[in-house]
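Each of the two complexes below includes chain A, the first together with chain B, the second together with chain C.
For the complex of A and B:
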């Protein structure tokens, strides 16, 4: 296991270098004057020239990349013109909000999709199978940000059951101290009012971000389960008198799991992107809303910081997925 | 399940999908005949009207007729997504063909490069590049097309690697055909089925991406209509004023289009790869 982890980490190094190169080229190499963009449209030529020199933009490209990498290793992503803070700090402050939402959305998607997939496979061709396929097709066709709006329309505007889409808590409510994960913080401190408030606000974002993920996970689980059901050891299990929940949970689900885990990794990358859209609908003060506000004000350092960190996060999630995979299915390590 | 029953099933999906998608293309082409109102006419006298006989889908903040805009937006969304997918295929297909056939160092280098591009969540990469390039229809096509290239390279490469082992290819080599001729005459035709399937799926995905980018203000600039940007216009109106129609109709247009494309994609996939049908 140890050598497998080391091997996977080493394989990550060239990709990480490639990723930083792409991020660098996107922020510097494309047409347009980064110094002008950085300075803003009202800046004088003199100011632009000063910024060009301070950013090292008058040096050759490879030299600029070297400076960029030196900063990156120290966690320097530049300054946000909009907030006036270092981009790395801005992102760090907003990360818990996004992570909390993504984790809830993933949990929601898995909680719906895994049982639905297994059930659809067991009752293949029956009503539940058709229903799951219908949900799958719908999940692919409906844009998640639109679904979010429809949920707000139904549950806030018309029914009044959901709280207004104004972020993680009601307007004016003070967040609990601690890690920035409001649900955990309020739970640990026993602030029940805040906990209920935060829980109420996370439900619609969770459903909207998780909904598109249900389709692929259900489909994959269903197909994996179908092939497991036809295997000899399930026939043997049945012949030995196993039936019902023990058979499906212990033998069938476990063996359909590896595909679902990989799919979850892929989906989390999708969710990092989807968060930008969902956070805009719910004014959720996370990294996605930060990216959106930075886009509105063409705050380049902030946008490219988010782009780079999303890629790195995605890679780390994939590493975690591979490691998890090797625990569920030890044969993976030998490949 | 008998063969004829299975056959009828994909037939129906394909027919429904083609009718729906064809209808959407007709809407785009015949937009001026379908929408009586001018999609770009700003008229504050008709601001925020609920759907009625005069304005089927209501009007927005600037008095835009939403029905006319949903109809005209089909032009933008379909042209952008279809051109982008075409670009992904035109660039991705030959690359996949060549690296899949040659293998070796070219192949592994290309694959590492794709790994790097695909390390970025597609939407985020599109946002980053588009933020640097600037908005506009042409840049949108360029970026969405670029982000879609790896899918086609991988798909074609995988297909080519299995096709090149076939005996008819070996026969072609034995009688002295050139490498290029083998690739383009013997192998390329075998990849058409999977590429067409993927094209339908990718097209739906490209529409979703176009709309998502439009939703965060990186799409087709106003006043030109685009479904995603139109949804964005209605967010505050719905939450504060309860004016649901501004965002609802463009979203339905997106859902209908993508739904039809996924019907087409799935039925062609079953047609091209009959073994897939067994798992249904």
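For the complex of A and C:
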């Protein structure tokens, strides 16, 4: 397995080089002049030109790309014109917020979708099956950012149960020291107030981002479960006295997992993209909001950094999916 | 001797189509009953009825059904017997073991479920079960996944699982389907031996009469959802009362001797077809008008019983 992972990681290199090229070209193709935005509206053309030259934006594209790649090899993602910090540092500061949200959203989606999918398959055509189809349709039909707005309206504006949709903690609250994963940090340090605060803030983003993922995972789990239920090994298990909760939760779900894992991988990739809008709605200080703001300001280095990060995440998720697959199903061979 | 399993008037309908039309049979303690018939005769359905493993759409009813003296009509009683009192050996052994768990774990899980053993006890017992189905390297098989084993080896494992609950009856549903011919004989011999060693009775479902001759004490011949002839293996082979059973035997023996078998004309009726009073009458060389008009009577001759107007015997004693 070790050598398999090394080979897979090496194979990522050419893909990532391709990604940097595309990200580089696309960010240059965006409307807006970074030098002008950086200089400010009052700046004279002469000043803007001076800034352009100091940023190297007057050089031919291939030369700019070459400079970028030289930095990249040393782990330097360039400077953000908007924040004034190195992009790598900006991303490192914001990544835990996004990862925490995506993990919660995934966990939420799986916690709903896996049992619902199995249950809908077991009670095929019955009320619960139709209910799962309804939820699935809803998840596909409702865009996540819109769901987020509706949730904020209901639970913050009308009911007042949720905290205001601004950030990861109440205004003025100081984040716990540590990794930047507030829930883990506060738990480890025993700061219960902060933990509750962070938990309260993550619930609505979690539901908004996780809800659209319920639909595909439920459908896939349901279909996988249907074929598992008709399998010879479940028939033999039943004939050998297996029934009730152990049958469904331990055996049927376990055999239905491989399909759900692949789908979850796809979805977590999608969530990294979906996080941009959700973070915007909840002013969630993560990579998504960073990407959104960088796009608005045509902040080349930041945009490229975020694109590269999502590409790496996506590819690593797929590697993880393949590894998990081989663990969950011993018939899968890693080649 | 009172029967271990006794059932009368078993009827099964699926979506309004009659699949079983009044099956009567009994399995006696210590014996192996062969259930033979062509595809669609209702052999597997009979077995699945006993374990309440019919498809969801099936409707079933009995006149009587007892197991070890206990009323077996309530579905709950039959469900609770699965694994515990009745072991089951499946068709297609390779597909019948769960592909994602090691063989050892599957046996251990079964033992813990059926006999409430601890992990340690279950492991020892699992290995001894593997030895009892004549597996020479039980440790290796214990650690293997089903896809790493041959079909015959998988069937031995399934038999071990069927034995795990120390059942009184083992039902084997076409246990040699899909196995190599040489392995088939081994598996059948093994089944016969372990059933005897565990003081259980057996019910062996097959479409192969040759199989029956080797291991079964008695034979039930099914046709179109009924048992039409039941008797000891010797009697059925020597002189089956029912013309259908009689012809099946002669086909089997001419195949054995390398000859060209005399085919039975016509085809097996499908569920829902209009049946004559005797379902076999349209294909029967002895059929007369009464076979089409009147329900065939139950005739007992020596140890045999058959539903037939014109049984194949010189000394007919009508019941």
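The rule we apply is simple: the second predicted complex is superposed on the first by the 285 of 335 C-alpha atoms of A that agree within 3 Å, B and C clash if a C-alpha of one lies under 4 Å from a C-alpha of the other, contacts with A are read in each partner's own complex, and residues count from 1 in each chain.
Rule of thumb we're sticking to: contacts are C-beta pairs under 8 Å (C-beta built on N, C-alpha and C of every residue); 3 or more make two chains touch, one makes a residue touch a chain.
The shown structure was predicted, so the numbers you read here are calculated from the model rather than taken from an experiment.
Overlaying the two complexes via chain A leaves chain B and chain C side by side, clear of any clash. By the document's definition of touching, neither partner reaches A:87: not chain B, not chain C. In the superposition on chain A, A:314 contacts chain B only, with no contact to chain C. Contacts of A:105 after superposition on the shared chain: neither chain B nor chain C is touched. In the superposition on chain A, contact of A:251 is made with chain C only, not with chain B.
After superposition on the shared chain, chain A has more residues touched by B, the comparison being chain B against chain C. Using the contact criterion defined above for the overlaid structures, shared-chain residue A:261 touches neither chain B nor chain C, since it reaches no partner. Applying the stated contact rule after C-alpha superposition, one finds that A:329 touches chain C and leaves chain B untouched.
When the shared chain is aligned, chain B comes close enough to touch A:273, but chain C does not. When the two structures are aligned on the shared chain, A:15 is found in touch with chain B, with no touch to chain C.
Of all Cα pairs spanning chain B and chain C in the superposition, the closest are 10 Å apart.
If you check the complex, the residues on chain A that touch chain B are 14-15, 18-19, 21-23, 26-27, 30-32, 125, 137-138, 140-143, 145-146, 149-150, 152-153, 156-157, 164-165, 223, 226, 269-270, 272-274, 276-277, 280-281, 291-292, 295-296, 298, 300, 303-304, 306-307, 310-311, 314-315.
Residue ranges of chain B in contact with chain A, taken from their complex: 1, 112-113, 115-117, 119-125, 127-129, 131-134, 204, 208, 211-212, 215-218, 228, 231, 234-235, 238-239, 242, 244, 247-248, 251, 254-256, 258-259, 262-263, 279.
Of all residues in chain C, those touching chain A in their complex are 51, 53, 79, 82-84, 87-88, 90-92, 95-100, 110, 113-114, 145, 147, 158, 161-162, 164-165.
For chain A in complex with chain C, the residues that touch the partner chain are 231-233, 235-243, 246, 251, 254-255, 328-331.
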